[in-house]
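Each chain gets a letter, A, B, C and D, in the order it is written, and its residues are counted from 1.
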Amino acid sequence: MKQLSVALVGGGFMGKAHSLAYSLAPIAGDVGAQVSKRVLVDADATTARTLASQLGWESSSGDWREVVERDDIDIVDICTPPQFHREIALAALAAGKHVFCEKPLANTVAEAVEMRDAAQRAGVVAQIGFNYRHSPAIEFARLLLDRGQLGTPLQFRASYLQEGGFNANPNLWRAKRSTGGSGFVGDVGSHIIDTAEYLFGDIARVCGLARTSSEDGWMPESERLATDALDEAGVWIAEFANGALGSFAVNRLSSGHKNQILFGFDASKAAVEFDWNQRDEFRVSYVDGPADHMGFQTIHMNTEHPNGWWRLAGIGSGYAEVSAIQFQKFLRAIVSGVRAEPDFDQGLHVQQVVEAVLDSAAVGGWVDVPSRLPVPAGAR
Amino acid sequence: MKQLSVALVGGGFMGKAHSLAYSLAPIAGDVGAQVSKRVLVDADATTARTLASQLGWESSSGDWREVVERDDIDIVDICTPPQFHREIALAALAAGKHVFCEKPLANTVAEAVEMRDAAQRAGVVAQIGFNYRHSPAIEFARLLLDRGQLGTPLQFRASYLQEGGFNANPNLWRAKRSTGGSGFVGDVGSHIIDTAEYLFGDIARVCGLARTSSEDGWMPESERLATDALDEAGVWIAEFANGALGSFAVNRLSSGHKNQILFGFDASKAAVEFDWNQRDEFRVSYVDGPADHMGFQTIHMNTEHPNGWWRLAGIGSGYAEVSAIQFQKFLRAIVSGVRAEPDFDQGLHVQQVVEAVLDSAAVGGWVDVPSRLPVPAGAR
Amino acid sequence: MKQLSVALVGGGFMGKAHSLAYSLAPIAGDVGAQVSKRVLVDADATTARTLASQLGWESSSGDWREVVERDDIDIVDICTPPQFHREIALAALAAGKHVFCEKPLANTVAEAVEMRDAAQRAGVVAQIGFNYRHSPAIEFARLLLDRGQLGTPLQFRASYLQEGGFNANPNLWRAKRSTGGSGFVGDVGSHIIDTAEYLFGDIARVCGLARTSSEDGWMPESERLATDALDEAGVWIAEFANGALGSFAVNRLSSGHKNQILFGFDASKAAVEFDWNQRDEFRVSYVDGPADHMGFQTIHMNTEHPNGWWRLAGIGSGYAEVSAIQFQKFLRAIVSGVRAEPDFDQGLHVQQVVEAVLDSAAVGGWVDVPSRLPVPAGAR
Amino acid sequence: MKQLSVALVGGGFMGKAHSLAYSLAPIAGDVGAQVSKRVLVDADATTARTLASQLGWESSSGDWREVVERDDIDIVDICTPPQFHREIALAALAAGKHVFCEKPLANTVAEAVEMRDAAQRAGVVAQIGFNYRHSPAIEFARLLLDRGQLGTPLQFRASYLQEGGFNANPNLWRAKRSTGGSGFVGDVGSHIIDTAEYLFGDIARVCGLARTSSEDGWMPESERLATDALDEAGVWIAEFANGALGSFAVNRLSSGHKNQILFGFDASKAAVEFDWNQRDEFRVSYVDGPADHMGFQTIHMNTEHPNGWWRLAGIGSGYAEVSAIQFQKFLRAIVSGVRAEPDFDQGLHVQQVVEAVLDSAAVGGWVDVPSRLPVPAGAR
């Protein structure tokens, strides 16, 4: 059996989530390989050592440059803040490693293009961490669309709301424009853009508004939480390439929402609704139902659905289970040589939509999103 | 006790709803007047006679022109299709009658301006039928905002979805551009615009998209339901005058939704969610709750809330009860001489937002909504 | 058209609810008769006069004995506290009037037997006010059972919870054993027993427990709300005559529940769930659904369902609408001469179940519920 | 750091769940020990080998007797069918191992007593696998009760419903009386009994009914799914030692319910509701809330609550996360030498309640549940 050794760069929240997922994934289902959690890398070598022990990694390192070139490493998994993604990914790809990169792919489209191009040249598996789309219910909704069971896409509505903006220190480097980081449209908006494109196809143009509590016109001065903050809330509408309509909202100053991802869409034969906080089910209503049995059906995920692994999905799945599904797909793509989904090209396209929303908010009016380049022949 | 006699023009769905409400309103709570359901008017005198008997009116007529001038009529209630609103309202106002007019106020802003001006000149009570805003839960949310308990408005999200577009005959005159009528943005979008303005204040500008199944770019030709149809779906974003963000979606081709009105809003001290289909409650989450008791509270309406009449609101209220509240306010405004809410000026402003959305959809990009005129001195 | 004149005895909460319903019922749908709200009766003549004016009755009276014998009265509607039901009903039945009686039919089985027998002898329409069962969703569930679409009844679970026990004055005469009144098992438990029997057939035996805050063994002395109180909470299990299992709970010291009626049942081909607070829909799950579409469907009530009157049921119905349906059935039974449902015999059987639960709670162990007597030949 | 080596006996569904949990637990939070998944045991040595590789165990064995005596084993984890629990547990306890045993503790009370006594004699940590009670929301509800914030327990209502009875082969050995196994009251009823006792204290007596599709009086012969089947459905009421009332229902022929565990309880200061399928939150309503803010609050779990490990609990937890919490507690109890909860004595008491329910169903009427023996001095 193939042996796959992983180097994880970055031991924050995402590093911990990925550590769990690498342990869960092969137990939950055959991935066709033995996976070794070989080395955890953190800028600080002491932190790396502590985290490696705690999160179940064989060894640790304070130097990602050295690690990504090691012969005993097959996979480089990037969990750093986004401003470091490009450099690490390019080095890992140059060394021929398979790369898993957390979202957003980068902080700018220019960086993301470079990363996408390098991945295509390298011919390795390069996947981006849009984890929520791997929910079995979302994957099944896509399957129903592919089968034509739901009809033509008509309207997509999504929101991603959190209350963290009230509690977190709004002046930490990550939330500030001057010290880097990505705003809320890029941070969580990217997830619902990815899900929308996964289900409805590419977004062609957007018009949006964004707000931050550090500028005039939103929070009164007496209530402001931050100075120099990146965008904290946004709303945008979208036109998909196929003509469907989209409506999106994000806000990190939304009390009561720990982590609420809601979407609903209408198609010509059915409508669908999904709530991440009830991820073991989704709701569908078919237009052609019996006249006295109209209304949404709550479909609970079971072994009949994608990744209905060992019934757990039916008994109650969480963030860790969905994360494990994400890595099962990544590992199987490496083993089988098929293209990973979502890949860096998808990561780039989402980045282009995010940038278009922010441009639109800055200049006013509609902004077109570039079409995807044709996938080069032979790419995977 | 004051005696108020009503003439109802139009015996369709809304005529029936108003007939019920006039019977319910005075039983449910003292309105300070004896109300007589004097005459029901329909263009066809025979239909009028049948409907009058069925819906509990003392008499009937086939001629609204004659009726609105009668001395024994105090109130003219207009339930006709929107293209007739202007003419009937102007005649009734000229005759000094109090006027209740169903929404949308008119099919164009020009007509609506004329009606608003006539109402202000007449000095009578002129109310528009945005019935949903009278839900005790919505009125209480407004009260909490007025008290400052929820903080500064930040983001408003609303959708109004129906599935009627799949079932109704899409080629009837009302749904068609060539034979008049108002599209779905005006028909149901006006309700969520009114609610948004009731809670967050005036909308200053919008950018939107609208779609109809009779044109290219949305439904494939093989699936088209209609020819020459008015807009059936729309999405728009809005900037409120106070800087808050708005996000709106309507669709009458949304399977599974009989009549779904959802809204949620974030303010700097709390967030609120409301679902018309659970109208006896709403949900609020306060930012400053105890750290181990964070999350939305479902507040059920009871006698402590506005219009918590005789506990029925707590036991389970429906469309008819909320409609009765609407008419209690109308009747009390007449008796007491206070200004009715929402009046024709509000109806006009909503109409201006609707027109701005449709203009934006037609031309692309942001469209400003006119500010309200100052209320003339002495107006009520 | 037939003329039906009503005398209403008792102007409390229920008197008001019935007043509304008599106004709503004929507007909402043809009942085949002209209904006159002729006279409102209250023990106090002055109160009666005020209430008659407020609730829309033509006249008032302080003497029910005189009224129930008047020739110009066709219907006697009894909304008094339960200890007066028997005397008024017997007099009205003896005078040949149709009788509508609020639940519980009486405070004892002996009284209820007398009333049922008198109704059968009189050959009039005698209906009892189990209003909730008239919800279109519940009536449709019964229809599905009758059609065999749901299979054999297996298990019924119901609860009726209120928080009123914390707020009301627990020492008022009605809540006290020494001054009459009915306890909570009879007051609200009777509704879920009626619904259970409507759907699953007769209950054959029960075993239960009941509690009051005025006795030892439940609330500690320092927290007691009442002295000499009737039962405030109960749980019981039941065996239906057809072998199905039942589980029931009531509590009026249940914080957060304004008026919560929940039931669910399993049958051999489907399961059903209903929540009064979402009365415009119910949920059904069929055993034989497609393997990847398993789960509950939320069926929203529309014009395809029983009493889907003029679409309002689909737009949002409340207590008043369901009450109007109840009286439409009552009035139509009078006009057509068919048997009313639920009649006094059903009221008696529910009373027998209530008494069996309380006996079981007092003595411990199972108590059989008497079988229904065969309906006498010629009864309606 | 302490080294703890585990032998897992039984590689079915539960063996897989435990395999995941041992990997998750130490990553998710410090348990004070290094945990080794040393050996997986299955009756069939080949199966054991395959499973060990798949589920991440260092080695495998076909002989549990040999394994439980090995010096390099600290923990024996029993995931076999219940008829083998006693023998394996007694051997492991005799060898001085810490024991984790899946529920139900045994198939009879006699066996369970033997196991509890052996555990107490051995002085090791002996925990039973009632995993659901470890949900952070349930643990927090218990904390609120302990603090007195919710008042005196009044009424507990719980149901556990599954639809598996329609799909599974009802004639497999496990579901049949003649070949051993435990019925549905013991299988899933034990979970809600454990939760009830965890929150409300010991159950003192019960009265119940049970049904199986293989006997007369429930399913008609034409619809029967099984022959010789154990109980598949049951309802029971309970009196707690503190006087509170309990109501319980289980059914494995309940369409639409993949795995539904619902409970609600009323206490004198608050009511609580919990739904396993929304396990990241629970609902509480306090009696003394402001009059215009009455109703249930949905409290979402966060880092302020028990086991709010690394925020995942807030982002979305599943079966695997709650299972990991269970094993974190087990491992920490071993490291610290404190008593585990729930231990074998609790497992025994739940078994006694199950047996009392089934006795009651067989003989009719109330059956007392034995009081717990006093914990012997020095026990842990």
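Note that in this section a contact is a pair of C-beta atoms (placed from the backbone, for glycine too) under 8 Å apart; a residue touches a chain by one contact, two chains touch by 3 or more.
Nothing here was measured: the structure is a model prediction, and the numbers come from that model.
Chemist: Chains touching subunit C and subunit D alike, please list them.
Modeler: A, B
Chemist: Determine which of the two chain pairs, B-D or A-D, is joined by the larger number of C-beta pairs in contact.
Modeler: Higher C-beta contact count between the two pairs: A-D.
Chemist: Go ahead and note the Å separation of the Cα centroids belonging to subunit A and subunit D.
Modeler: One centre to the other, that is 35 Å.
Chemist: What is the distance in Å between the mean C-alpha positions of subunit B and subunit D?
Modeler: It comes to 53 Å between the two C-alpha centres.
Chemist: What parts of subunit A, by residue number, touch at least two of the other chains?
Modeler: Within subunit A, residues 256, 258, 281, 283-284, 294-296, 300, 302 contact more than one other chain.
Chemist: Write out the stretch or stretches of subunit C touching subunit B in their complex.
Modeler: Those in contact with subunit B are residues 13, 16-17, 19-20, 23-24, 26-28, 30, 54-56, 256, 258-259, 276-281, 300, 302, 310-312, 314-322.
Chemist: In their complex, what parts of subunit A are in touch with subunit C?
Modeler: Checking each residue of subunit A against subunit C gives 140, 281, 283-284, 291-300, 302, 304-305.
Chemist: Can you check the complex and tell me which residues of subunit A touch subunit B?
Modeler: My answer: residues 151-152, 154-155, 157, 159, 161, 163, 166, 207-209, 211, 217-220, 223, 233-237, 239, 243-249, 251, 253-258, 266, 268-271, 283-287, 294-296, 364-366.
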